[in-house]
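Take a look at the structures listed below.
Shared chain: chain A. Partners: chain B in the first complex, chain C in the second.
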Partner chain A sequence: MAKLPTPEELAKIDLNPPEKDWMDTPADIKPGMFCWGAKGKNLKILDFPNARDWSPAEEDWKLPKDWEGTVLEAFADKLSKYRSFKIFMDVCVRCGACADKCHFFIGSGDPKNMPVLRAELMRSVYRKYFTNSGKVLGKLAGARELDLAVLKEWWYYFYQCTECRRCSVFCPYGIDTAEITMMAREFFNLLGLNIDWIAGPVANCYMKGNHLGLEPHTIKSSIEFFLDDIETVTGIKIEPTFNRKGAEILFVTPSGDLFADPGTYTAMGYLMLFHELGLDYTWSTYASEGGNFGFFTSNEMAKRLNSKIYAEAKRLGVKWILGGECGHMWRVLNQYMDTWNGPADFMEVPTSPITGTRFENARSTKMVHITEFTADLIKHGKLKLDPSRNDHLKVTYHDSCNTARGMGLLEEPRYVLKSVCNNFYEMPDNTIREQTFCCGSGTGLNASENMELRMKGGLPRANAVKHVRDQHGVNMLANVCAIDRATLKAAMEYWVPDVSVCGTHELLANALVMKGEKERTQDLRLEPLPGKEVKE
Partner chain B sequence: MRLKRLLSEKKSAVLRRWFDDIVETYPPDTSQFLKKQKNQFANPVGSTILQGIENIFDGLLKGLDKNEISPFLDNIIRIRAVQDFTPPQALSFIFLLKKIIRNEIAKEISDNELSEELLEFESEIDNLALISFDIYMQCREKLYEIKANEVKRMTFRLLQQANLLTEIKDEESDIKEHDFININTKGGS
Partner chain C sequence: MKMLFSFFAVIFLALLGFAGGKSTSLQFIFGVVIPYAAVATFILGVIYRVADWARSPVPFRIPTTCGQQESLPWIKQSKIENPSTSMGVWARMALEVLLFRSLFRNTKMELREGPKISYGSDKWLWLAGLAFHWSFLVILIRHLRFFSEGVPLVIGITESLDSFLQVGVPLFYLTDAVILAAVTFLFLRRVFIPQVKYISQAADYFPLFLIFGIAVSGVLMRYFLKVHIVGVKEMAMGLVTLHPVIPEGIGVIFYIHLFLISVLFMYIPFSKLMHLGGVFLSPTRNLANNSRIVRHINPWNYPVHVHTYDEYEDDFREKMKSAGIPVEKE
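Let's turn to the complex of A and B:
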């Protein structure tokens, strides 16, 4: 029989610093911290290299021959193609301003999650192969060779970055660590080292137009389910259109909101708002995904998946595009779509048919964020609202990283929320707006098998939510992101169990007084509205 | 109790040691950060530990009340239950307190014959450990429950659409709350 360890041995914690440098401490790939490897069939659909089933937990990653050569060649290519990448490799002075700004570092305490060190994992290899000092001086110049242990370390840590860009806000040189992570993921892509939580949705999106792989009839029937619930709540029958040519506006939203609660209630909110306005719009069952998980694989794939949005707008002949609540979707639409697949000169500068407001900020992309659209409606007094219907809620707002830091959408969601709720409380300043903390599960890391990672990453956000719960009794965390709606629910369940999660347009629809509606006794979740319960 | 009076006099020294020993269970770069960053939102781990151990220590001095102490234990354990610690490592911070107290007041214990009181006090720390096991397990179970709930949420609407689900229409039972679903295998398409 094996000798049982003594209690002292079990609880033994070495209080002395390790003798080895970070470079000599290989990554220990731990369960709960990584996502499953991409399935061969998904990679094959996408024509991604080295399509085969593989597991990160196994020793053998089934890498292609001369994988080192592939990575170094791609490295050189990216350095010549992206000036920013070259600068980010060279310019860091290790001032440490970013070190403690990452939610994964704060929550995990793992120093390799300090953005500076995470980037250093790659810079060390850059120095070895692309700088003279590194080539000659090697380790003395902070350079190291690319070997299997380094590759595994890269993989482990660059899939522990959500590209949230909080660290870049604090960097005096403006180094965007997200772009370093993007490059790392481009390299993994060439070796078939994707994760399935990304590759699966990308394959679905490529084949069916959306991450969930919903076919046109399924999209239609899921929206019809919402219509039934809306009729139950309001007594109003809504009849939206699909793929309608000649509509003024094309509406595109993340497909996640069509299936998973609480995103579904946000989708109901859109339907109710558009009906109330009599908006001339259409859903598309082809451009049926606003999100773009391709963005987490390679630039080329992101571009391919994105192309359907303008293509569908052209086919239907719409004047402009309205986009639903999402995070990374807006980083892509706001900062990449026009360059990739524009110019969208077949459309007009978006103009609200209700208020006449021209959205000059969307002059080029022709796509408007729904909170911009709705805030404008409210500002012009075009909506009849009864915020008291949300009186049982004490609401705070989580800025999605991508909408806040990626497109500066800070005021509009707050304006909408404050107009539809009487109880709104901000979280502390260093956790919101440009400094917002990530939900901990972005960039395709919202799988279930990496739950420990997600909970660590979600801790700083949850900690701020807990503060407003304790101070003000906050019980609802509103946001404008489909991934937030899915993942913050889990983070709240673990860290602050009495706080629910919702989209901004769910609360708007609850407060929206619609023409011809019956007296509301339920909210969109079919839960009784306090004080309006039906008496038996 | 003389021991408790003595410990409350030494409270700040004990807590400082206890805090330092706990944060040193993290890698050196991290423990430095946990000690230095005082903003509770920039450093939730450090501030939770700091606030937690003070309340736990006060609780011990007052006489252990499970309901009062549990939330503070929970705050610390909830964090360590998802970090890279084995279960004994995650909970070892409780036992660190024994060693710290013995070192901190070694002289007073032998001078004032406090050994018996110390034994009693250490039993209370052991009780603290037992409560902690409970909390640790709840945290780990919660993680698995969350995983299961996510899968349920993702598939619920799909099953509903495929006509594989019928909700039990019973005003009395709170279907929503319990996610009580019935798989209608006959009606499937």
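Let's turn to the complex of A and C:
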């Protein structure tokens, strides 16, 4: 594995492009900047093409015969299926407004990480094969042939885009690089050029119901482990149910929260909240994944994984679905799920059994985001909260790319956070809400072998956190995303070491005064609460 | 290289126009045939391109949301930046098309030692873009006087607003100066901002030089090298009434102007200048964020192979039973 440079080394960024024209500069595939190739066995499980073991570091990528033909055929097919793709190939004027909006460009200075140039990597091939000017004028029209060097360049740079859509906010035509990256990854998928950090979880999710590959009994035992900790902290014994037919609500959350801290504390938060409400809900071991790494391979695979949520809701006969804290999960649930696998007409319009609020904004998909649900509870005074239990924390909030730019979930989590902690500070305006910066590791790029890439991409976010740490002493970075909880932890340790990361419902559960609880002396991390430290 | 090519291409085109205007035998071609061909190419080309885009469906509802979603009744929705109704979408599109809303957000990132990264407001591109496009529109409207009997009110008002400074004979039009300044700015930033220079193609310089050429030839004609204006009007009317005439002694600069405009019209459908149509069709802007409220239909949605619950239970039945998780088949 490539050695990770120090933050000081990585901070030396040259934003000036080289002299040589980008078309004459083939990609230099550097260790630390890419993820391992997918294992053949994982692709086989999914019936993906060209299943074999391969390594991006080697010269020979073991491509199928006539891979150029395969790509160009797929290119034509996608142009006919996606208006977005076609328009985004055609209308860019290269004004450059997007250039310094990408976290990977800011953190690396690599000109091919400017969204406009990332897209040009593909547009140049589009011009060659799909426009008359490109066919006739060639390079003069910005066109070039698809060859192995171009394919490798595509692969390298379209796995350096996290589909965060920040560029799309600033583009005068709304050109969304995510759409282009998705198409690139569709092509890679046809050639077997997947990465294992995505293909592995997808295969797991397909067969076992979740990215981590937790089998049903393991899901149960993981959660039981949390229950013990909850009992230690609160003295309350919680008994959640699994795959229970007739429950009112199906709860679906990313499996990452069952696996590693600090996501596990968020999962404990859900359990405590639902228990306190006496909610008639169930977990599912079959639909045990809210996230969707299939979304980072192909549209079809994303749909195949997503289908489990509605299928399980139907089988269990629930009235509606509640979704946990996750980023890309909510882009998928908001913008894709109903189109793929709906209509969800076997359920009812989600209605909070506690407040009676009908979630009209989810009346077709029947799926509510947990911060919508919790914000409504707090607004109606249904929760007894003691925010002083979070007084040792100075909190800021990181908007996930997808909930911000693919949904607009901005105020709900903020309302919850401000209700459960007394010290809340926003990061600078240009780094939050619709202008939020990616954690640097989205779209399945949260592996360990590409840590240099991740730390570069995470720099803009980390830098904004550093700003509020220096200004206000912020020591906790809250979010509503399982990927963030895993990746920002690494980015903070690297760039801003004294800031921790947590989910929103961890802080809520800390502040939640539960019926019959013992006096709390510890938070969910089993660390002493302010004023409750054991005296020496 | 890309820049020089475009520059000389436009010089060459201007010389062609010059040749066409000089030679009486070519005047009919440059004054009638080419303008007709250009207009036909423009209209058919634009229709073709837009129809071609429209032929591809919009499978998913993918607006880029730039504000608070429609949520609980007490949370204020950003009805324009994150519209959930078609009214909101209309407003969003109007702001985008008329005022370049997204470009107005533009920031400039600064990287200092530390590293310390900051983002300052940067409105120059927005301002120049807006000035350029609006000047272009005003000039286009003004030119319609050549193609109409009398002077319709809209044109009259546009003209008098544009010449409100009331200086010079003939009256000086503000937009003439603004468009030249804006095009110059847009060109200079391509040359002097390293990243923008790096991404620029011949197709970016060419329209700038072409439009600059059109504006310069127009300015020369109006203020300096006087042309036979009655002849120009006669010729324009001939073109619109489909009874083309070539009056004598109009002046060669007019032919250069007309030829460059013809080239621009022919060029538009085949170039990035189609952004004028594309902006209306961009799915990240022209859709409401209501996909949880109304099901969006994908016309090519097809059934996919899934791993069903029954298959899953078959894989794990014994483990589920011993963990006390309910199963369908005992």
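We take it that the second predicted complex is superposed on the first by the 514 of 536 C-alpha atoms of A that agree within 3 Å, B and C clash if a C-alpha of one lies under 4 Å from a C-alpha of the other, contacts with A are read in each partner's own complex, and residues count from 1 in each chain.
Please note the rule applied: contacts are C-beta pairs under 8 Å (C-beta built on N, C-alpha and C of every residue); 3 or more make two chains touch, one makes a residue touch a chain.
The shown structure was predicted, so the numbers you read here are calculated from the model rather than taken from an experiment.
Overlap between chain B and chain C is detected when the two structures are superposed via chain A. After overlaying the two complexes on the shared chain, residue contacts for A:Ala490 are found with chain B alone; chain C is out of touch.
The larger set of touched chain A residues comes from C, when the choice is between chain B and chain C. Residue contacts after overlaying the shared chain place A:Arg405 against chain C, while chain B stays out of touching range. Looking at the shared chain after the overlay, A:Asp261 reaches chain B, while chain C stays out of its contact range.
Contact with neither chain B nor chain C is seen for A:Leu4 once the two complexes are overlaid on the shared chain. Looking at the shared chain after the overlay, A:Arg525 reaches chain B, while chain C stays out of its contact range.
In the superposed model, A:Arg244 lies in contact with chain C only, and not with chain B. In the superposed model, A:Pro172 makes contact with chain C only, not with chain B. Applying the stated contact rule after C-alpha superposition, one finds that A:Ile106 touches each of chain B and chain C.
Contact with chain C, but none with chain B, is seen for A:Arg94 once the two complexes are overlaid on the shared chain. With chain A used to align the two structures, chain C clashes with chain B at 45-53, while the other stretches in 45-53, 63-71, 135-143 or 153-161 stay clear. Touching of chain A by both chain B and chain C, each in its own complex, is seen for residues 11, 13, 15, 17, 99-100, 106, 111, 114, 221, 428, 430-431, 459-460, 463-464.
Chain A meets chain B in the complex at residues 7, 10-11, 13, 15, 17-18, 30, 32, 99-100, 105-111, 114, 218, 221-222, 225, 258-261, 264, 428, 430-431, 448-449, 451-452, 455-456, 459-460, 463-464, 467, 486, 489-490, 493-495, 525-527. Those residues of chain B that touch chain A in the shared complex are 21, 24-30, 33-34, 37, 39-45, 48, 78-79, 82-84, 86, 88-89, 91-92, 95, 139, 142-143, 145-147, 149-151, 153-154, 156-158, 160-161, 176. The part of chain C that touches chain A in the complex is made up of residues 2, 5, 49, 52-62, 64-72, 74-76, 78, 81-82, 84, 96, 100, 102-103, 105-109, 111, 114-119, 125, 129, 189, 193-204, 270-272, 274-275, 278-279, 281-285, 289, 291-298, 300-301, 304-309, 312-313, 315-316, 319-320, 322-326.
Taken together, the chain A residues at the contact with chain C in this complex read 11, 13, 15-17, 22, 47, 79-87, 90-97, 99-101, 106, 111, 114, 116-117, 120, 131-133, 140-142, 165, 168-176, 179, 206-209, 215-217, 220-221, 242-245, 285-286, 300, 303-304, 307-308, 311-312, 315, 333-336, 338-340, 342-343, 357, 359-365, 367, 372, 375-376, 379, 404-412, 415, 428, 430-431, 433-435, 459-460, 463-464.
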